[in-house]
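These are the structures, in structure tokens.
One chain, chain A, links the two complexes that follow: it is found with chain B in the first and with chain C in the second.
Coming up: the complex of A and B.
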């Protein structure tokens, strides 16, 4: 049974595409496309003062890897037009009395105009801009202390030292790409397994199959084992790509990776199989399968949208989404050096899921035409 | 042939909702017999065969195959039967030999026995040299013989063939039936369904089935003799439609129907139709060409049996 299924996958160009290219395309698209961090945000500046101080602040923006200062304009309208025309995402306005107020009052402000059409980018731009200004302000303050002979006190009494663990560069690709493995597994597993029983019905071979002494369990296991193998191979492919191409670290244990992936695949394949049994049509089956696997995996698994930031009711729902445990396990396997012992909650959740799905899957199919 | 019944069907009924597909069907088939279920599409032939293979559960009644109850011991029944359905359900994306290996695996045929049986099936189906072709590339006749090979790899005692020759050229059909007869000689019980009258002639015994009911059962010869209650005439005339209408009014005519370009007319025995009919038809503006006594075919028998059922007693008046 398994050998036949494997041979059929090998002979079927559509299945081959699903098995070989989909994972690569997916991980490339998501790896490049779905980055949530912003680099080289285009910036226009309006320096109304043109003093040494204002230039120093603009230099700080130029020096930041997050910003590209493209152009300096000389009036406010030009800046607004540039944002409207999408020539820049951020406009910095330095007021005409910038250095004067800095010296006199020790307090001043700059205006940052942010293009908010893309909420995520806007927030990032705002945050980076604040960081640049804050650094500059610090330096100014230290400078002021120094000039007033207060070098002894020339330390900021309290400062926060950020140190990020596991994704030291806070690069969103490191956050996203491990999750894409889950997405690829869900997509590939669901597509292939949802077709398997439906295909037999559509081609009329199911009747023949039922008339043989082969048991329903043998049919299920025989059909799903090749896909489990293919799924694991694809997982390796994705992992190699994530590490080799995108430079995502892989710090955890291989055993944990394979265990988590196997459990996740059992759940996905079981779901696809049950859908296939229920719909008996390849088209319907693949659509349902994508609906119940890909959608929750991409939206509710924490793959791209952090679960902590979801509203409480939706956060509660995510506990029912099997992918959440796999995505969480994947992130920890890739980024922290998690082994199986560190992933007990995730693994237990997935084992429960696999058992439940497995239980229903074995009962889903009856050898009968009714 | 021995006389122990290999298949016993007793008042078998299958309902789909309000529709009765198989209605109180009973028959027995001896070991080594070729038994045919003959009937039009939708008459309940396939439903009957599917119940016997354990693919469908009977609504009521019972059936045993090699002594095993088809409803309660479906899995055991499947060990002993070969089933070939109308679509020759092979995997078109596997090669001929892969299909054989796959079905061998399903039937639990292993090792050297499997190799022998596959070699036998390849030889039987005439596929030597083409084992590595994808099944989808094979012609209908080859596919059909390959499907037969797959269905009997495990040497079943009973073989079910459900419209197994549909869509295959006449020569391939002949070859196929030679294989069937060979298996029958080896003692395999064979139940076939067909709507080809010529194929029905190959069977040892037949059951004519219409709207879920068995209307006649017996050897092809006996059915032909008993079904036609009179003499059968072939009448060539024009116009054909007018001739049919007129001939039904003629004295002594029991039934009439169009057969190809002529009419088949059943008249009561003892009359003189060869002289009476032409005169009667001429009086009704029908020109008569050839007219002769012929021996009935199964088709005549079938039309006569189902026609009389459908029309009730009117056709006898």
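Coming up: the complex of A and C.
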């Protein structure tokens, strides 16, 4: 049974494309395309004062690696238009009385106009802009203290020392790429089993199979084992690419990686199998498979969107989303040095899931025979 | 000619009406996706649970901690008495951040030296960590300012009032509360439409070919371009209906504002639908089975979605990827959607997007019609 399935995959060039190319395309695409870091944020500046102070502040923005000051405009209207047309995300406006107010009242301000459409980039940009202005303000203060003979004031009261664990440079590729292994697995597993099994139904070869003395359980296992092998091979391919090409660290145990991946594949393949038994058409099977596997894996697993920020009912649902456990396991296997013993809750949850799915998958087939 | 096209259209709609699953597929997945994206897609960083190790137990250290809880960005979830406990907490991803105040913190402050706050961050989720670090910096700056002013007031109250202070006034436009839903809901309209229209068109034609009914249609007096029109007009209508459905649900349910001109949006929708129809048509001419159509569709849809700026900013992509985004119809449509919904801009701003979509559509149409002629000969 399994050997037949392997041969079929090998002879079908499209299946081969799916098996080999799809994971590669997926990981390259997400590795390069799915970046959340905000570097080189395009900035327009409007310096209404044009003094030494205002120019010094703008220099500080230019020096920041997070900002690209691409243009200095001379009127407010041009700035508004640039933000409307998505030419810049941030506009820095220095008012005409910037240094006058600083000298007279000791208090002055600059404006940061942020395009809030993309709230995440906007938040990052605000944080970086705040840091640039704070540093500048500090230097101005230190100067002032020195000039007024208050050298004992010339220290910053509080400084923050950061120690970052697991993803030391806070690069989004290290956050996103381990999770893409789960995305690729979800996609592959669901597509392979649903498309190939549904095809047997559509072409009527499934009835032939049923007529042979093979039992329902044997059909299921025989059908799915080859895809489990292919899935594992794809997982290795993805991991090798993640580490070798994108430089994502792999610090955990290989055993944990294979255990978690195998369990996840069993769940995914089981779901794909059930869908194809239920719909018996390729189009229907593939659409449902994507809806049931890819959508929750990309949205509700913590792959990109943090689960703890979702509303409570959605958070409750994520406990039912099997990918949640796999994505969490993957991230910890790659970034922190997690072994099987550190992943007990995830592994147990996936085992329970695999058993339940396996049980229903065998039953689903029985029913459809009659 | 119009009679023949009309017959095709009627036939397609009859087919659609009789197909119970097709109707289900047209209605339910878009709404599910809308709800999932609306509720789950958020990059917000609020109520971050933090662990606290205060080894100084002073007035000053407590004051610093209250600066943290005051903002609502952080919640003290655990108070720890030693650093060993921290390792397992952060290791299990229970808590993304911890604050540590060493003994002698207050003394350093009082002596006029720099005191240190240690922040331990779980960097796994780099995005949350970066935003949280931004908040920590702001809070620390505020604390520094407050303390410096307080210190100065003690010594030379006259000068304290005139210490130079420069602040940054932040004005987030179009989305003042930086609500993720406002960003994602208009985007979902684009991504759902793309997915629906491309797969529907591609599959419908390939299925006729696979079942063999395409030949039957071809021996009738209908001409190829009439067939194409008859096939695509129903999907155009279906696509339009889906856009309206998703847009109405999105604005009413999630309260996303619509500030622009409906006609401008409509023009964008029509151009976008035409380009996606042509992509579907092209895929159908390149494949002889539904499975092939599916694989090809996937190879188009997946990059089109990821590189559109739907969730990941295009400016952060490497240059080569940024170049690819220029041939992505969804990229332009998203700018039109967000422009009309949130920014309320009109054609004077959005014309480059419209022109780009029109160009893409015409190129795609030329290729797909040429290919279609060939594939039936």
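By our rule, the second predicted complex is superposed on the first by the 356 of 370 C-alpha atoms of A that agree within 3 Å, B and C clash if a C-alpha of one lies under 4 Å from a C-alpha of the other, contacts with A are read in each partner's own complex, and residues count from 1 in each chain.
Quick note on the criterion: contacts are C-beta pairs under 8 Å (C-beta built on N, C-alpha and C of every residue); 3 or more make two chains touch, one makes a residue touch a chain.
Nothing here was measured: the structure is a model prediction, and the numbers come from that model.
Asks: In the overlaid three-chain picture, which partner chain does A:203 touch, first (chain B) or second (chain C), both, or neither?
Replies: A:203 contacts chain B only, not chain C.
Asks: As a test of reading the superposition: which chain, chain B or chain C, is in touch with more residues of chain A?
Replies: Of chain B and chain C, the partner in contact with more residues of chain A is C.
Asks: Once the shared chain is lined up, is A:213 touching chain B (first), chain C (second), both, or neither of them?
Replies: first
Asks: Have a look at where A:284 lands relative to chain B and chain C in the superposition and call it first, second, both or neither.
Replies: A:284: touches chain C, not chain B.
Asks: Please indicate which partner A:71 is in contact with in the superposed arrangement: first for chain B, second for chain C, both, or neither.
Replies: A:71 contacts neither chain B nor chain C.
Asks: Which residues of chain B touch chain A in their complex?
Replies: Against chain A, the touching part of chain B is residues 50, 53-57, 74-75, 78-79, 81, 83-85, 87, 89-94, 98, 101-103, 105-108, 134, 160.
Asks: Any idea which chain C residues touch chain A in the complex?
Replies: 21, 25, 29, 32-33, 36-37, 39-46, 49, 64, 90-93, 109, 112-131, 133-138, 140-141, 143-144, 147-148, 151-152, 155-156, 159, 161-176, 178-180, 182-183, 199, 203, 207, 289-292, 294-295, 298-299, 302-303, 306-307, 311-313, 315-318, 320-321, 335, 338-339, 342-343, 345, 349
Asks: Could you list, by residue number, the parts of chain A that touch chain B in their complex?
Replies: 1, 3-4, 7-8, 11-12, 203-215, 367-370
Asks: Which part of chain A faces chain C closely enough to touch in the complex?
Replies: Per the stated touch rule, the residues are 14, 17-18, 22, 25-26, 29-30, 32-42, 57, 81, 83-86, 89, 102, 105-124, 126-131, 133-134, 136-137, 140-141, 144, 148, 150, 152-153, 155-172, 174-175, 191, 195, 199, 279, 282-284, 286-287, 291, 295-296, 299-300, 304-306, 308-311, 314, 328, 331-332, 335-336, 338, 342.
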